[in-house]
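Going in written order, the chains are labelled A, B, C and D, and every chain counts its residues from 1.
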Amino acid sequence: MINKIVGSMAEAVADLKDGASIMISGFGDAGAPAELIEAVIAHGATDLTIISNNAGAGEVGIAALMKANRVRKVICSFPRQAASHHFDARYRAGEVELELVPQGNLAARIEAAGAGLGAIFTPTGFGTLLAEGKETREIDGRNYVLEYPIHADFALVKARAADRWGNLVYRKVARNFGPIMAMAAKTTIVQVSEIVELGDLDPEAIVTPGIFVNRVVLNSAAATA
Amino acid sequence: MINKIVGSMAEAVADLKDGASIMISGFGDAGAPAELIEAVIAHGATDLTIISNNAGAGEVGIAALMKANRVRKVICSFPRQAASHHFDARYRAGEVELELVPQGNLAARIEAAGAGLGAIFTPTGFGTLLAEGKETREIDGRNYVLEYPIHADFALVKARAADRWGNLVYRKVARNFGPIMAMAAKTTIVQVSEIVELGDLDPEAIVTPGIFVNRVVLNSAAATA
Amino acid sequence: MQRMDRTALAARVARDIPEGAYVNLGIGAPTMVGNFLPRDKDIFLQSENGLLGMGPAPAEAEIDWELINAGKQPVTILAGGAYFHHGDSFAMMRGGHIDICVLGAFQVSVHGDLANWHTGAPDAIPAVGGAMDLAIGARQVFVMMDLLTKTGESKLVANCTYPLTGLACVSRVYTDLAVFDVGPQGARVVEMVDGLDLDKLRELTGVDLELA
Amino acid sequence: MQRMDRTALAARVARDIPEGAYVNLGIGAPTMVGNFLPRDKDIFLQSENGLLGMGPAPAEAEIDWELINAGKQPVTILAGGAYFHHGDSFAMMRGGHIDICVLGAFQVSVHGDLANWHTGAPDAIPAVGGAMDLAIGARQVFVMMDLLTKTGESKLVANCTYPLTGLACVSRVYTDLAVFDVGPQGARVVEMVDGLDLDKLRELTGVDLELA
């Protein structure tokens, strides 16, 4: 019997290594796997590359990783925001490298990794600073930039519910990067607020089939969501 | 008030032109919009390019288009099958051109069109006859073929249910190419066996949001499915 | 001459959005356009974080922090709305499925180049979000901005000096003093506030202008 | 020497599929492998037409022609199964998420090249389906075939003469007479039917062979 449900957040991230690349779902707080990130901090892994839309705000989640100085590099679209002070400080001190990627290219490059493409020609960013030095090509009268897939060792994802095979459904806009990150990482770890029996999720409405999920952990503190 | 529901199959395809490119959903009969194809035959448009997984089998659907000699070119992955005699005859007579595409490249090229990518490097087909003459590149130690998006003037799709904004849900494996074709065509026309009120479809479970759908028509003959 | 305030400008932009349009409203001032869309018409608001059919702000008691817009403000979903992931959301933009997006700007060139993500200041921490995807993806890009900076320089320019967001992507610029069409032919004045004339506008902007 | 029939061969392949594997079974003989997978273990069958968690054939009364496998035969879905569209289905393959696929073949080279889609006959109408995607996408590609053609030629070859499906993609070849590992080091014999020895097998195939 295959049961992808593990007993604790700590167990879920136990095999993290220093230097790992980690995708983290979320758009702001919605969909951010805060409890898994806490477990990463407790685990102690450092020199991490974080791939996420933001670089953390406030004091929890990615911001806490920043504060603990565990991050070597951030690949994201929107690092600077209200309360991104922990990232800002590390960045200004030269302690964290930033690869700034337009949000849609971030999504498309993550999708390309999940789908096994070698590279994609995307129109986004052509002629801008963010395409400097990159290969470009005119195709059918339009200009494109060649962008490469973003793979990761781990994806940390927040979903609403899962079964023991790792099938996932999400909640409202907390879905955001979860489904595409789950496809792009070697090991996908998901925190959910509900575990359901096999067959309880409508096969027509499963958003992430279990093939893309390695471990599921119940966030027992989830009062809402 | 926006209401994408049209009154008849004939009305749904009324603006077809000779020479149009048409994506047609379905994998075998599952998901094939047989009644919309009948309307295309009745409409009379000819010199069509058909993009579909198959090139028709038996006497209805794409096979009937073949029989009526309306098709100039087929882009598909699996033309030859039991009962593909109408395609076989046209092909052997030199009356229809065939662009044979591996099924996953067909899907990926349709997705690229829907997502606005200019081209993709795919590993499928590298070193085979189907990549002859195509640009290739080694990326991170793996070989890829450059493939271009497949756009179409129309997509004919079969779904299970729709609302007046064109939101769609499908049924079992009849889903297949429908969602990606809906995204890749200038005009997407969908036949469904049920029309529901706005709000009746669960927003978490809508597979094709209405933004990708132009017209919906009820297949009133749909006893099942 | 009577400048339009932000509210009036949002209402002005809203008047150009037809029923049936799929629309993305950028964060900041463009979000206000939503308040002026006619409630009796079906206009579809897309939010880049995975929502189509976005409704107005909820009552305090109904706030759900997993139902927010791209500016991270609480919103609602209309009957007929749908959720989707980020890949599909940006496919909507990049694939040309969004009819109109409304963005703010630091500068717009008379040919439609857009600069709205980075001041170019050496100590600035840049952030781009979805601006570049929207700029080149939406069929029509509307910009909403003050015509002049606080120090009186025109933000409608012959050539952008700030780092670009997208090339030749803006079609219309709504400002507090005038509305312009921009594009290959240069800038055309669609309308001006009372008390302003073409010569005065040329003087304020320093760019070639014709009436539309 | 006792050739394995198709049924025995399917059972043999099934023994090498571990619990937890995500598996795609090609159309034709490979589909039979599903009949020999242990029912008490969770092995996940993917069907390229948009189904994961495929179950056995239904009773006659339960047949649903919108629940079919890639060979267009009626199947069932297990509790815990999921439907998805063709884009996601082939992302599963191409993206390396399928652990094992089992395919038939016209020829396999000792280095793992696969030819299984086209005889190369000038009058043949070619069809490729998902074979090329599976060949290069699955982490392990198992081939299931007779070792010899009806006229006695080996289908395990030094170099394929039929048009290729994929290069260096096959890891293991299950035949009626022997099981081979193929790859960069050439072909290694994993097992043979009773009454066969390495010399005889070298003679039958005409290729370099070593014991694994």
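Keep this in mind: a contact is a pair of C-beta atoms (placed from the backbone, for glycine too) under 8 Å apart; a residue touches a chain by one contact, two chains touch by 3 or more.
Because the structure is predicted, anything quoted here is derived from the model rather than measured.
Any chain bridging subunit C and subunit D, meaning touching each of them, is among A, B; the list is complete. Shared contact partners of subunit B and subunit D are A.
If you compare B-C with A-C, the chain pair joined by more contacting C-beta pairs is A-C. Here the CA centre of subunit A is 33 Å from the CA centre of subunit B. Averaging C-alpha coordinates per chain places the centre of subunit A 35 Å away from that of subunit D.
Centre-to-centre separation between subunit A and subunit C, using Cα means, comes to 29 Å. Of all residues in subunit A, those touching 2 or more other chains are 108, 111, 115-117, 122-123, 170-172, 204, 207, listed in ascending order. The residues of subunit D that reach two or more other chains are 77, 83-84, 87, 90, 93-94, 137, listed in rising order. The touch graph of the protein chains shown belongs to none of the named shapes.
Applying the touch definition to all chain combinations yields A-B, A-C, A-D, B-C, B-D.
Residues 108, 112, 115-123, 137, 139-140, 142, 144, 148, 169-172, 202, 204-205, 207 of subunit B are the ones that touch subunit A when the two sit in their complex.
Of all the residues in subunit C, the ones that touch subunit A in their complex are 47-51, 64-68, 70, 72, 77, 83-87, 89-90, 93-94, 118, 123-133, 136-137, 163-167. Contacts from subunit B toward subunit D in the complex involve residues 27-31, 53, 77-81, 87-88, 91-92, 98, 100-105, 107-108, 110-111, 122-130, 143, 170-180, 207, 225. Taken together, the subunit A residues at the contact with subunit D in this complex read 1-2, 111, 113-117, 163-165, 167, 183-184, 198-199, 201, 203-204, 206, 209-212.
Interface of subunit D with subunit A (complex): residues 19-20, 22, 41-42, 44, 46, 52-53, 77, 79-84, 87-88, 90-98, 137.
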